[in-house]
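Pasting a structure below so you can have a look.
Lettered A, B, C and D in written order, each chain numbered from 1.
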Amino acid sequence: MSSWDQYQSTQKIATRNGFGDGLLEAARKNPKVVALCADLAGSLKMDLLEKEFPERFFQIGVAEANMMGMASGMATCGLIPYTGTFANFSTGRVYDQIRQSIAYSGKNVKICASHAGLTLGEDGATHQILEDIGLMKMLPGMCVINPADYAQTKAAAMAIADYQGPVYLRFGRPDWPVFTSSLPFEIGKAIKLKEGSDVSVFATGHMLWQALEAVRLLEKEGINAELINIHTIKPLDTEAILQSVCKTGCAVSCEEHQRNGGLGDSIAQTLALMHPVPLEYVAVNDQFGQSGKPLELLDKYGLSVNDVVDAMKKVIIRK
Amino acid sequence: MSSWDQYQSTQKIATRNGFGDGLLEAARKNPKVVALCADLAGSLKMDLLEKEFPERFFQIGVAEANMMGMASGMATCGLIPYTGTFANFSTGRVYDQIRQSIAYSGKNVKICASHAGLTLGEDGATHQILEDIGLMKMLPGMCVINPADYAQTKAAAMAIADYQGPVYLRFGRPDWPVFTSSLPFEIGKAIKLKEGSDVSVFATGHMLWQALEAVRLLEKEGINAELINIHTIKPLDTEAILQSVCKTGCAVSCEEHQRNGGLGDSIAQTLALMHPVPLEYVAVNDQFGQSGKPLELLDKYGLSVNDVVDAMKKVIIRK
Amino acid sequence: MTKFAKMNSPISKRFVKVESRMLNQALFTVYRHPGQGAIIFCRLDRFRLYTFALSNMKTQPELEKIASQIRRDIIRQTWSAKSGHPGGSLGCADMMTSLFFNHLRFTLPFKMEGKDEDVFVLSNGHISPLFYSVLARSGFFPVNELATFRMINSRLQGHPATHEHLPGVRVATGSLGQGLSVALGMALAKRFSGDEHLVYCLTGDGELQEGQNWEAIMAAAHYKADRLIAIVDWNGQQIDGPNDKIISLGDLEAKWLSFGWKVLHANGNSMKEIDETLTLAGAMTGKGMPIVILMKTIMGFGVDFMMGTNKWHGVAPNDEQARLALEQLAETLGDYQI
Amino acid sequence: MTKFAKMNSPISKRFVKVESRMLNQALFTVYRHPGQGAIIFCRLDRFRLYTFALSNMKTQPELEKIASQIRRDIIRQTWSAKSGHPGGSLGCADMMTSLFFNHLRFTLPFKMEGKDEDVFVLSNGHISPLFYSVLARSGFFPVNELATFRMINSRLQGHPATHEHLPGVRVATGSLGQGLSVALGMALAKRFSGDEHLVYCLTGDGELQEGQNWEAIMAAAHYKADRLIAIVDWNGQQIDGPNDKIISLGDLEAKWLSFGWKVLHANGNSMKEIDETLTLAGAMTGKGMPIVILMKTIMGFGVDFMMGTNKWHGVAPNDEQARLALEQLAETLGDYQI
């Protein structure tokens, strides 16, 4: 039994709880941390901070554009603002505001986004943004992080306070297995969960658990996959990626996002530029989501454990 | 002297003039065509339509979000609205509005965007969006077109009236060589300007001219490149791309856009999924633009004719 | 049969032709008016015109019965989906009943373009269970489809969508602040094509914090979009608490007035008042100004333990809560099957 | 030397300490007040305090001289760049001169955070040639750098940017409608850190069509951001024509009032009036409401053939036009070198 069997889920907690807890910790440690929220404090668990530091919590209402501008102004004056709303309203709704007032202006704003991806479930496609990673990674100077579980989200929410510059931190709504507690979190540093030689599996966010289960399944069939967690999509740990694919000769990317613009495309770009090998995407293929239960939706849109298994098998054949 | 020498520039006209002329033609042919503009009618040459069909021109003022919503409503009632403003304000400023009210709602709106890319020149980075192709191509069902010159832009502006569904049509500000007048324009169909066997050069928008000059230069050095114009980035003509790279074994993509999310990434995705070969990007590499003259800027950000030449040489070596 | 009297009241011009057909050698033309029901004109020849029948407008008790059933539908949908937004839905149930059963001139089967009919946009898309119930109960799609609310592969998405072709929905909403712009576009398109029908748009009050609304409000006045009727669900609540605690709307009437709109007020939970106000709003159209009804409602109206609090904005009742809620709401038209 | 009289006018609390230092065995403390110039207090010991000097506030003729030079700078920048926006720049030149030379309490060298000083945000970023000239003329960076306006590798970007670290610019603008939100964030950050200095923000009138402004306007009133002063360049023009033709702003005063702001009016091209209004605005801060100055200006003011038309919104003068324009504008402080 290899050491990587340590990654077991004993409990399920939503990543947004990790954010709420991490934000509170960050605020306790750093008096410059303030929070802005667009009428979703409960959903993002920002009420923890609001309760303990009411004077450091700014309710902005349903006015996301104004929230981003205000965060820029606060950062200008030396504060470290965390903004909070759902992923769609954190990115697509306010892209130009982030672009000009935050990214181009180099402001130290932490854009924190819950309810990303299909797994938000019943609210449906208007809320299920599958393009936010792509949106944010196109902005020069933007750091893009998509942690995998409660523990990693909490660590990330704390780490970004010490990082100088704009950050997009993306997390989700549903309860999800917690299994990375023992892993160190460092912005920009991929984490190898398992060594392997047959195929490199790169996974981000909720999909790390799906990938983990897939790798376990195929291990029983004698396929020795390398599993790497890309929690930071930008700056991308291209070294870790290239090292792995040079060994395995093929790759699978797993993300709760459109193929276009996501982690898979970042990897494809790296491969095309440095080391062209076959890549399979486990991602939504140019469709809007819909209402449903989280796992039903992962199934329907090709992001189930079985889909990861299939992608791994397929890409190995393509080598 | 091969037939492809026909592509010469006898005059320079801005692509936005092609849009203004094409829009007017479309309006003459189809009484359902209406135009909405966010206080930039002159810049987009929409004043031609305004003059001839004042009742079909709607001035919306500096309120791009409202413009997109209104266009959605008009399309619902059976009109064919063309919206007009600069590329940044056509996409990033209104991403969520386009996403929900137009793309997800399947509305027949034509989003027409001038002043795309670095070549808008002196206005600088706040206006020089280099992410708009990426933004729009992530939206399911969105057609993304970036014509190369006046003639192609005019053809595209007319063709999209007959296309059912949302379209993003991107063009530019500066005078630019006109050389595609003899070429047929069909949405989604790549155009081979020159057959070749050493390297496939895929170019879109203003960069087709740069690529053409580069291919000519290298032809003198005995390098036989294939030059393909990808005016429609989505739906992508993957067949044309794969056919070409299967022959040449390597590719260069040329676009006035960030590497992340642009044409290059669409090609990289296609290659990674179907036929992994080396690819070089001629594109802006994760930087904001700045003020300057169009050609100065292409130079500074690595999009000059020489940069295309270098990319071609480099990728051939990588084969 | 009574002789046709020339209609010269200011309301008269809102009679709208529904259909014309030959019957017993006479040309029957059906006109409807929301405030005064249907009129059927019977023209026997060029010179003789008769009023054949008059009025089928729902009475207040009839509307209240429908609204009670609609409230049951809201509770049952959110309960069985285990998610959704009962609070705002219950609060707006009276207005939506009045609007769809007495005022909105629509045709079935549903046609997307809405030519020669009134159209409605729900900007605060989260109150979809109300919208769906009203649509189903007024014949847009089978009532039993309400059982699929928020389930996978349903046409009844969490927020209204056109993507699955649900009859009655003309644009997706859910991301707040966009509906009024769409409604304004429809109003201008109707004017452009000579269609004098009305465009209604419901928005939340918290939703008015979104700047896009003020863009649309400003533009509507500029364009004198006088067949556009906006209705604000002024329940004073939003997700995180009362509007006044979140970002206060201040003097809301003064705001709309200063933006050049005609402002009406109504108690949205008095069927009589909201029904009359909708009639009045209709009668005031066509006079150069867009119209807004600032409709005071109580979030969760109709279910005692849900009333007047933001707590039920977006929380579904559990089994016990649903049972208690349904006890307070008479089944008047028959529950749909789950 | 005169004895210090206790300042108890309502304006008095706006004197702000600039520096303290020992000189001739006395502690000199320099206070400045925009409306009343500088006061230097000289404390000889615990009991004796003297006013050492009073007032260095610029007089109206002095300001007008500066403004004339600034207008020359605007013409010369746009002319040599062959692009840029002279119209709005010329119209706002008087206000910006008064603001930077008599009112804004800033320190040099420029520090981004703006702690313990007033800060300014130019929301209508296209009038950058004015902003740059004012910054250069008040010491933020060398005047000769104006010659690099809109050239490649310049810090003087087409629209103001922080990316190249131009002193005086705190946030990039150019995409309209964002500045007031940023200014509000600064105002709340200042309050949070106990800094009573002011935040000024200039916006265009066409720019007010952007909904984000109304979000910020609503939020500023909610937060009682009473050290925030917005100034609207009410020139009645925008790119495609007069506001009234594009999307009318209607009753602009009523709009701001209904959103809970204190409204002041001024002729922005009367140096006396705008200078006094800025003093008044400063004196009215700290009273629970944000303040807006609706500043009537004439686009292109100061150059006869550019005045009162949208034609010069974003067109640079050619050689001949620049010559004609400069003839009308006295060189008072020396032209920068091109």
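In this section, a contact is a pair of C-beta atoms (placed from the backbone, for glycine too) under 8 Å apart; a residue touches a chain by one contact, two chains touch by 3 or more.
Quick caveat: nothing in here was measured; it's all calculated off a predicted structure.
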item	value
Neighbouring chains common to subunit A and subunit C, by label	B, D
Most distant chain from subunit D, judged by the mean position of its C-alpha atoms	C
Separation of mean Cα positions, subunit D and subunit C [Å, integer]	48
Between subunit D and subunit B, distance of the C-alpha-averaged centres to the nearest whole Å	40
Centroid distance [mean C-alpha coordinates] between subunit B and subunit A, Å	31
Subunit A, residues touching no fewer than two other chains	60-61, 63, 65-66, 88-89, 93, 96, 99-100, 104, 125-126, 288
Residue list for subunit D, restricted to those that touch at least two other chains	161, 163, 172-175, 177, 209-212, 215, 218-219, 222, 247
Chain-level touch network, classified as line, ring, star, complete or other	complete
Of all residues in subunit C, those that touch subunit B in their complex	112-115, 119, 121, 161-163, 170-175, 177-190, 192-193, 211-212, 215-216, 218-219, 222
Subunit B partner contacts - residues on subunit D that touch it in the complex	81-84, 125, 150-154, 156-159, 161, 163-164, 172-177, 206-207, 209-211, 238-240, 243, 245-247
Interface residues, subunit A side, partner subunit C - complex	37, 39-43, 59-63, 65-66, 88-89, 93, 121-127, 288, 290-293, 296-297, 300
Subunit C residues within the subunit D interface of the complex	209-215, 218-219, 221-222, 247-251, 254-255, 257-260
Residue ranges of subunit B touching subunit A (in the complex, touch as defined)	88-89, 91-93, 95-96, 99-100, 104, 125-126, 129-131, 134-135, 137-140, 258-261, 264-269, 271-273, 276-281, 286-288
